[in-house]
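Common to both upcoming complexes is chain A, partnered first by chain B, then by chain C.
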Partner chain A sequence: MALPLSYNWRNLFVRKLSTSLTFSVVSIIVAVLSILLSFAAGINDSLRSTGNPANIIVLRTGATAESTSLIKPDEANRVLQAPGIAQDDKGRTLASQELCAQTTLPRKDGRGIANVCVRGVDEIAFTIHKEVRLIEGRLFNVGQMEVIVGKAAQERYKHLALGEIVPMGRSGDRAYKVVGVFEADGSAVESEIWGPRTSIMDSFRRTFLSSVIVQVKDAGLAREAIDYLQGPAVRLKAKSETEYYEDLTSKTREIVVLTSVLITLMGIGAVFAVANTMYAAVDSRRREIAMLRTIGFVRRSIITAFVLESLLICMSACVCGLIIAALVSSMISKQDFLSDTTWTVLAYDLKMTPWTIGTALALAAAVGVIGGLAPAVRASRTKVIEALRKA
Partner chain B sequence: MNLRLVYLHRNLTRNVRRSLLTCAAVGLPIMIYVLSMSVVHGVDKFLDNSAKQLRIVVTQKTSIVNPLPEGHRKKIEALDESKQRLTSVCGVQWIGGQRENDPTPLSVMAADADSFVSTMPEYELTQDEIDAWQKDRQAIIIGSGPAGQLGWKIGDRVSIVPTLPPYRAMEFHVISTAPKAPDNQSIFFRKDYLNEELKKDGFPEGQVSFFFVKCATKKDLDEFREKIDAAFAGSLDETRSLDEKTFMNEFIAQQFDLPKNLAILSGLTVFVAIMAAMNTMSMNFRDRIAEMATLKSLGFSGGFAFSLIQTESLLLCSLGGLVGAIVPFVVFTYTPARDFQVPLIQTLVVEWVTCMKALGIAVFIGLVAGVWPSWMAMRMHVVRALRNLE
Partner chain C sequence: MSSADIEIKKLKKVYYKDKMEIPVLAGLDLSISAGEFVALMGPSGSGKSTLLHLIGGLDTATAGSVRVGESLLETMSEAQLTSWRSRHVGFIFQMYHLVPVLTAAQNVELPLLLFKMKSSERKERVKTALTIVGLGDRMDHRPNQLSGGQEQRVAIARAIVTDPDVILADEPTGDLDAKTSEEILNLLNLLNEEFGKTILMVTHDPKAAAHAKKTVHLEKGQLEREEFSNRQPMAAAR
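Up next, the complex of A and B:
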């Protein structure tokens, strides 16, 4: 027979101070864990949702990112010969020659500056990057000094409001007008500024391209096209767009490793704190336990009861920790980091994913069970006669 | 006094399990504190060296990624013909780089061969190394971090593929592993070699990512920082000059701001430790209400009760803190873990100063955790306390 849950619940309030201190310890640890994981999830999300498996990004062999890649115009033309490249209904080949330049902009929150990617594209780019949608204003006109800006960039950096003039170019002396704002399913390109390729190349005095993005008719044809592009005919580096952005997530692996080390240490600390509280609970209730045994509760019920009690503290603390994490995450949500591969900022929002919540719940449960088990076993071994006699 | 000591000892050993659990619950957060602060101090030390070297970093105004022309060096040097105030100018081109078939990124830079040694004196190259650097066009200095990881030694012929032009394997001769350099990640080779290779493949040559300008005094640094930017104002390639510490800081702040976040984290863990210790002390106190009341009724003062609980709390936490501080110190000083590399900066060094600080914090935790129970013990109403015991 099991003990009623209300028995455990009420017991928690007998030792208010002790329970609340243990509760706070577990809440804080859960909150720290969730916030750190939200960082990782946010970055992963913005990079993972970028890219279409049918899109192939072509870079200079040896370059690791668009910003370090230089492609000569004649090389870019050779890319067009790759097999399986799709055409749109107007018969245009779906290949977008792009230039990735950088400009420094002040941050809105006053925390210094950010190195923002300025992408020079032709009209065809919008057919290939279907996820890019204007949400305000209009598209730039080819040949004009006009740009559209990503939503994430606009939220974080100055000079990017609709109608504002943003100085760009190699000497920072070319005045571009912001004529539109775009969205791209929360992907990495939302941290960028897009403008007409010819104007951008001229302003940044660049004669080389950074990348060519081609779209194949079907994602299944990508392999063949990639082999052709890397082969002797073109000799450039080709990767599916999804793969390219996934490689940029290496930074999150560092955060995850750091998080795991810290959380393991903190988790063990929490186990000790919980065990301490539960031992005290058991010790102060020896007579009570003896009584329970006398009236017929078996040892297993006693163990279950005390582990449950420990779990109750930890799980409720976990809920509290998750709420704190959600509040903090929403306060510091708009983040970005300077990728050491692209040398441009990648914006991301902190995200509390089901996985984050699941991990937090699992941690709290583990702390509760491990911390509660030894005291519970001790409780179940209470010598009935002795405990009752002591009274 | 003697009585007190005996009593203290009895109290601590009365519930050994509880004492040990408390020590652990305090010791682990202290350990996290020590590790986090060691990383933070590593960064600080790195930045302090940058400040000490009195160097200006000159980059392109619109973005650090945009190159500056090599010719800027002559114009910067011309600002102080005497070379008394601007003692040395070195142009550096960042080319990233990795080994063939190994995606681990390396931080490889091409530096002006003639001025590297005088601009970066903290590398403390030996005379032999300096001679080799000047004689051998393919000389390369590998920071002790990557040298250790890749097993590269002086005299090795190594091959690195730059992630920037010329994008193909380049051969180098390792002439130094710079054991004295505070920045142990960077790899330097000669820029004349890079330019030659670029010319072969038809890539633009003579570009510089940043110029390091060594100044004689802090005053010269502040003055020339502005003079350099003024000299290029209105030209095709305007510059942005910062002192090296600010430059590095700007960089670190943009990459997750590790120092700041670790500092926040270690603050939180200390808070957690306070609560864990407080828990124990309040439990101890509750268990011993009767005893305390008896002591007081026997004539011991409230101050005695106060000091008894306070010292116990202090001892418990200091003990936990001691273990929490000593373990990382020993692990990162005497075991193979001492070669552990922290991304961004360098080898993790756990300094004893950090450990002493951590110990101080543990003592503080003990003080705070004991305050409430010991206060209660001091103010306790004897009759009421004894009556309440059922």
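Up next, the complex of A and C:
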């Protein structure tokens, strides 16, 4: 039978300094891990794939993002010739010609200004981007100086309240009225402003588009259409929407990989800190261990007791680290993420997911077991008679 | 209340240091009857503590045999000896070896955690053991809140709480003043006389040895002589 938990718990407070140092190290690692993973989860959530595999995004060859993509009107017309493009029930070709321009807006929190994406679209865009739904006001009228704004953009930037006038255009001298607010399943689009394409192109003095999104009748036809669009007839870059979003989220995978490397290195450090503390504990309690072995506790009970003690430090430190991370996450409500696809700012929340908490708990448990095991085995091998004689 | 006799035959123990043989016990024969209180005396290095460790199953003999009650210790594995100790032997140490972070009651409870027993029964046995040693009112005190004598009483309570056949005490009064030593020795007499426990006590102090019924003198790992005390039992003395 194991020693009582109170034995382990109270022993933690005997060596206050080393225990609290180890506790701090593990807490900090867990907090850093949780914040970084929450950061990755937040961005991932913002960029999460709402992509329809039947939608194909067309950019200029060589362009990695809409911001660097220029599609001339005649090129855009050739895109419409791609095989398999669907039509809606009104007989309209499901192709959305879009312009992504940038405007600067002051932040509500007073932290300066931010680049915000202004997307010029036609009515057909709402058939293709099914995730975009008006939640307030109405849709802009074609040809009018009206815009609808994403929910996240409205929360963060000034001049985007319903009915307000927002200055835009190449010289910032075109006054657009906010007539509606939309949401888009929390995706990156919610950080944008959408207006009628012709008006936006005119205001920003653009004669070209940034992208064309076409929808094929069936996802199985996407490959053929992409090959056509990238072929000699059109010579543009084409990607299915799912692939496009996959590329966007690769940034968060980099964060996760970097986090993993960082946390592994910090974790190794923590293992040494825990081992050091536990070796000190074992050395200072040799007589006690010898007594326990003398009265009948088997080696396994001693190992369990010391690993449990190590786990107690790490798991309580983990709870502390998670609380720190949760506090930090709540203090930083909405964060900026500079999208390299639009060179505009996306809003995201730090999201503490069950996966983050599970990873933190697993890390702390691993540090506790690995750091505690060797000292625990040493404790179990205490030479009883020698230790009793040293008394 | 259980008790056991001890039979030691041709017991040898040799330690090795830097490939050198250091004989500690050299073919010792000794018999201790069930319910006897025996003091082990002798100069340093005579093998007293080694004998105690061999009888307690903490060490294994180089040759010879140790029988405690029905158990032949040389036939047992380390794991079997550990289990056997928990059931049959109570240990009392010179430095008490209490766990400083546990209360007196929790220290006494430790050996009982090795048995399948209801918590209520454990608590009852702990209370009884502490009452026997006169510390029924100090159950929740930590070792650092107790005097040396009280700490040794807690250690004695821990040794008797499992109702062992044999109590092995290694210099139990070595760290105590004369008055407290007398109290502890009287307590051992009580355990021997009232509860019939077989007690084997290592001591350097002739006054302490005088409390035992028999004193065994060791010299160079062999039995030098046995002396029987004419000490009056406590009940008769009262």
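We adopt the following convention: the second predicted complex is superposed on the first by the 350 of 391 C-alpha atoms of A that agree within 3 Å, B and C clash if a C-alpha of one lies under 4 Å from a C-alpha of the other, contacts with A are read in each partner's own complex, and residues count from 1 in each chain.
Quick note on the criterion: contacts are C-beta pairs under 8 Å (C-beta built on N, C-alpha and C of every residue); 3 or more make two chains touch, one makes a residue touch a chain.
Keep in mind that this is a model prediction, so the values were computed, not measured.
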(request) Compare chain B and chain C by how many residues of chain A each one touches, and report the one with more. (result) B
(request) Using the touch definition from the top, say if A:126 reaches chain B (first), chain C (second), both or neither. (result) neither
(request) Report for A:62: first if it touches chain B alone, second if chain C alone, otherwise both or neither. (result) first
(request) Please work out whether A:275 is in contact with chain B alone, chain C alone, both, or neither, and reply first, second, both or neither. (result) first
(message) So in the superposed three-chain picture, is A:228 touching just chain B, just chain C, both, or none of them (first/second/both/neither)?
(response) neither
(message) If we overlay the two complexes on their shared chain A, which of chain B and chain C does A:22 touch? Say first, second, both or neither.
(response) first
(request) In the complex, go through chain C and note every residue touching chain A. (result) 49, 53, 56, 58-59, 79, 82-83, 85-87, 91, 93-95, 97, 99-102, 106, 110-111, 113-115, 158, 170
(request) Name, in rising order, each residue of chain B that touches chain A in their complex. (result) 17-18, 21-22, 24-25, 28-29, 31-32, 60-66, 96, 98, 105, 161-165, 167-168, 203, 235-238, 250-251, 253-256, 265, 268-269, 271-273, 275-276, 278-280, 282-283, 286-287, 343
(message) Show me the residue ranges of chain A that touch chain B in the complex, using the header's touch definition.
(response) 15, 17-18, 21-22, 24-25, 28-29, 32, 60-65, 67-68, 70, 101-104, 111-115, 168-172, 204, 254-255, 262, 265-266, 268-270, 272-273, 275-277, 279-280, 283-284, 337-338, 340-341, 343-345
(request) Would you tell me which residues of chain A are touching chain C in their complex? (result) 1-4, 6-7, 10-11, 13-14, 287-288, 290-298, 384-385, 388-389, 391
